[in-house]
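Chain IDs A, B and C follow the sequence of writing; residue 1 opens each chain.
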Amino acid sequence: MLGYVIKRILLIPVILLIVTFLIYILVNLSPVDPTYNLLPMNYTQEMADELHREMGLDKPIVVQYFNWIRNALHGDFGFSWSSRIDVMEQMRPRIPITLKLSLITTFVIMIIGMPLGILCAVKQYSIWDNIFNVSSKMLGAVPQFWLALLFMLLFCLKLGWLPSYGLKGWESYIMPIVTLALPSIATYVRNTRSSMLDCIRKDYIRTARSKGAKESEVIFREALRNAVLPLITASFNQFVMLISGAVVIERVFAIPGLGSMVIEAVGQSDLPIVLACTTVMCVICVVMTLIQDIVYGLVDPRIKATFVGRS
Amino acid sequence: MAETLLEIRDLNVRYTTDGIIARAVNHVDLNIEAGEIFGLVGETGAGKTTIALASMGLLPRYTSQVEGSIKFKGREIAGANENVLRDIRGKNISMIFQDPMTSLNPVFPVGTQIGDVIKWHNKSLSKAEVETQVDEILKMVGIAPERKREYPHQFSGGMKQRVMIAIAIVCKPDLLIADEPTTALDVTIQAQVMMTMRNLQKQLGSSVLLITHDLGLVAMFCDKVSVLYGGEIVEHGALEDIFDNSRSHHPYTVGLFGSLPDLHSRASRLNPIAGLMPHPAELPAGCKFHPRCPERMEKCQTGEVGASSSGTHSIKCHLFA
Amino acid sequence: MKGTENDNALLAKRVKARSAWAETWDRLKQQPVAMIALGGIVLIFLIAIFGDLIANYKDLAIAQNAAEKLQPPSLRHLFGTDRFGRDMFARIVHGTRIAIAMGFVSTLAAIFVSVIMSCLAAIYGNRTDNFVMRVVDVISSIPNLVMAIAICSGLGQGLWQLVVALAFGSIPYATKMCRSVALSVVQNEFIEATRALGGGTWYTIRRHLLPNIASITIVTFTGTAAFNILMGATLSFIGLGVKAPRPEWGLMLSESMSYMTRYPYLAIVPGLAIVLTALCINTFGDYLRDALDPQLKGKV
């Protein structure tokens, strides 16, 4: 187990190196030149060349990348092309906001989605099952930002129950979390339902019943312990999706998180900020995937066994 | 005469799926007495497992319909309350399933799975007492008690079936239902598992309902035999009645024996039954076996057949009516 | 029994050399919901093709007309007008073309690449397969939206850049789906038999691999197309995709954000267009999956 974990951890820098390189190349395809923003209106070609040299932009892209990643490892993402403020300074207060939003939403999704999914599986073919099936399909076709707009229109602007923008207290988290969670709950319920149904049909459930287990024991102990594996994957995937998915909701509700920062930066062609934000998001996602794999190994004895065998 | 343990009278089970009605068990009567091994023989799909599941009240609730009476020690099981059934399952009647590979829960150690049965039926026992019982039963089925912390995937097929047996007998049930307990195992392991089961049965004095299509197993272990075809018992008798060649038998039983290779006969070919068993949704009228029967008569195609019996032996066929 | 007659009738039908596709179509035809969804998809394509006959693009959907701004829905302007006085109905109609480009063109490109990669992985096995999987792993460790942000930031904003971003983002999922089926097909003995009989690689791909991964490809296609329509609208909404004044539905919503309290139709109409389009494709995809593989019904 330990060997496997170490191997997974060692793999992370490699993945991150490739991922960040890919992103660096993609973002730097942009024809935007910082001189336009950084130099005075009447700049000369010499001044531009000088600035390029200073910023290392005259070197080949691979060299630029390695310079950038070396600085990034020290927490230095350069300075913003539009405001000249240090990128890390700008980013630091925003990361916890996005993390908090995604984390709380993931828990909300799990707390609401799991019981509903179990209910649907246990009461298969019942009216509940059908209601959730149809409504989750419907929700799957609704873009999140539109849902956010409609909710904002109704609850914040028409009814005035909740603040419609910014972060001024716990109330301002309600609308973003609800709109983030709703479509995901639908998928989560579907996931839970299908993995529970898979388990409930298994032979060992019949064995448990033949042993005289209570129905609650059959469902919550024998079946759920087996169904929990795909649910762990679903929860982690959910969190990873929310980290970037929060971009949209942050924009609608004007929340000062990573997402609203990166979108603003794309609009202003502020490449250092775009690079920094996308990199941070990727790091969070890759690390979450690692944790997921480790948790997976801890929960399932069969997987644990293959890990031990392999390492 | 010994005490009657399980008494099944005129049992009918129907499955309904997508509007198709499958008559899996039809008018079955069965008596299992204390201490005996009762063999239930038939092809796949004859309704053997359905009878077993019905005896434990384990048939799927929404898709199956049960008519008739199943009495265990005089207590009605068919349509009984879930609480009553739960008390009986595992403690008074327990079951060993066909496929040990999938019948154990993969995420719990085998010791826990055995301990669960003990705990569920003896709430007053302490943890340590449960553990000692688990150790004992593992020793009885021939598994080292240290292995109780291992998971099912660490056991071989035969060992898993021993664990299943341990789960089934740990509460010393009056009746043990073994549903093709050796079908999924290698031949050499089959014998080991069967011997384990019989030894334990003798020690505990339980009755066994052995469900199988293997006539060899029946000959070796059973006291009484019922032959099942199309959800009906076509022939029933003591082991000697069924395996006595000099007696008359139901054409299906004859066919079953004809399908077995025999070392002593000089026949160059086996003599299998022609055709396939009908699907329970498409059972023919009259005698269920008549489309395949080499001796069918006009009257076999319509009307019910009565059973004719002599002593312990009874046959359901127009030939002997 | 009745069941037997039906079975025999079915059997007789099958004997008349019916292809798998014809059978799938037969099963689909019996599902009214699937037919409604298919009708919806056809309608969207028709609107996209004949959009110019319904409403003039330049005059109604693009040209600003201050005199008629922010008019509520009426007979003259079915869905009202936006703050620049552009007819919402005309904009919705012309938005279908962009939706199709985002949904179908990007998915088509992604599926094309995925099928090639899956076939190569399946045919050449081990090292090629490993390489394909590593590439897919790395790309899929970048969240979809982050990838789109990076591409849109690098290539600039616009429709074709958006289509590229969406296509690129769909490749990992599509490849995973196609590859797993392609690998299981290759393990069949008829592939070995083909090789033993001297069938070439291209022959094996064309004759055995492609027909066998066709159904998973189609199912993946519908799912991805609907997802990309939502994703494209989302990206345009946050200002990364299609640029004004193009009538993209997500962009229309973003433009009307500050007017929606007083003119809610501005927020509702484009949203409904997105939802109905995605719903039709998703629903049809679900029924198609069940019809293609009746055994899979209810699962997944």
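Some observations on this one:
Assume a contact is a pair of C-beta atoms (placed from the backbone, for glycine too) under 8 Å apart; a residue touches a chain by one contact, two chains touch by 3 or more.
Everything quoted here is computed from the prediction, not taken from an experiment.
By count of C-beta pairs in contact, A-C exceeds the other of the chain pairs A-C and A-B. Across the assembly, the mean Cα position most removed from that of chain C is the one of B.
Chain A and chain B have Cα centroids lying 53 Å from one another.
With each centre defined as the average position of its C-alpha atoms, the distance from chain A to chain C rounds to 23 Å. On the side of chain B, the complex with chain A involves touching residues 56, 58, 62, 82, 86-91, 94-95, 97, 99, 102-109, 116-117, 120-121, 151, 153-154, 164, 167. Contact residues on chain A toward chain B in their complex (touch as defined above): 125, 202-204, 206-215, 217, 222, 225-226, 299-302, 305. Against chain C, in their complex, chain A makes its touches with residues 15, 18-19, 22-23, 25-31, 137-138, 140-146, 149-150, 153, 157-158, 194, 240-241, 243-245, 247-248, 251-252, 262-263, 265-267, 269, 271, 274, 278, 281-282, 285-286, 289. In the complex of the two chains, the chain C residues touching chain A come out as 137-139, 141-146, 149-156, 226, 230, 233-234, 237-240, 250, 253, 257, 260-261, 264, 267-268, 271, 274-276, 278-279, 282-283, 286, 299-300.
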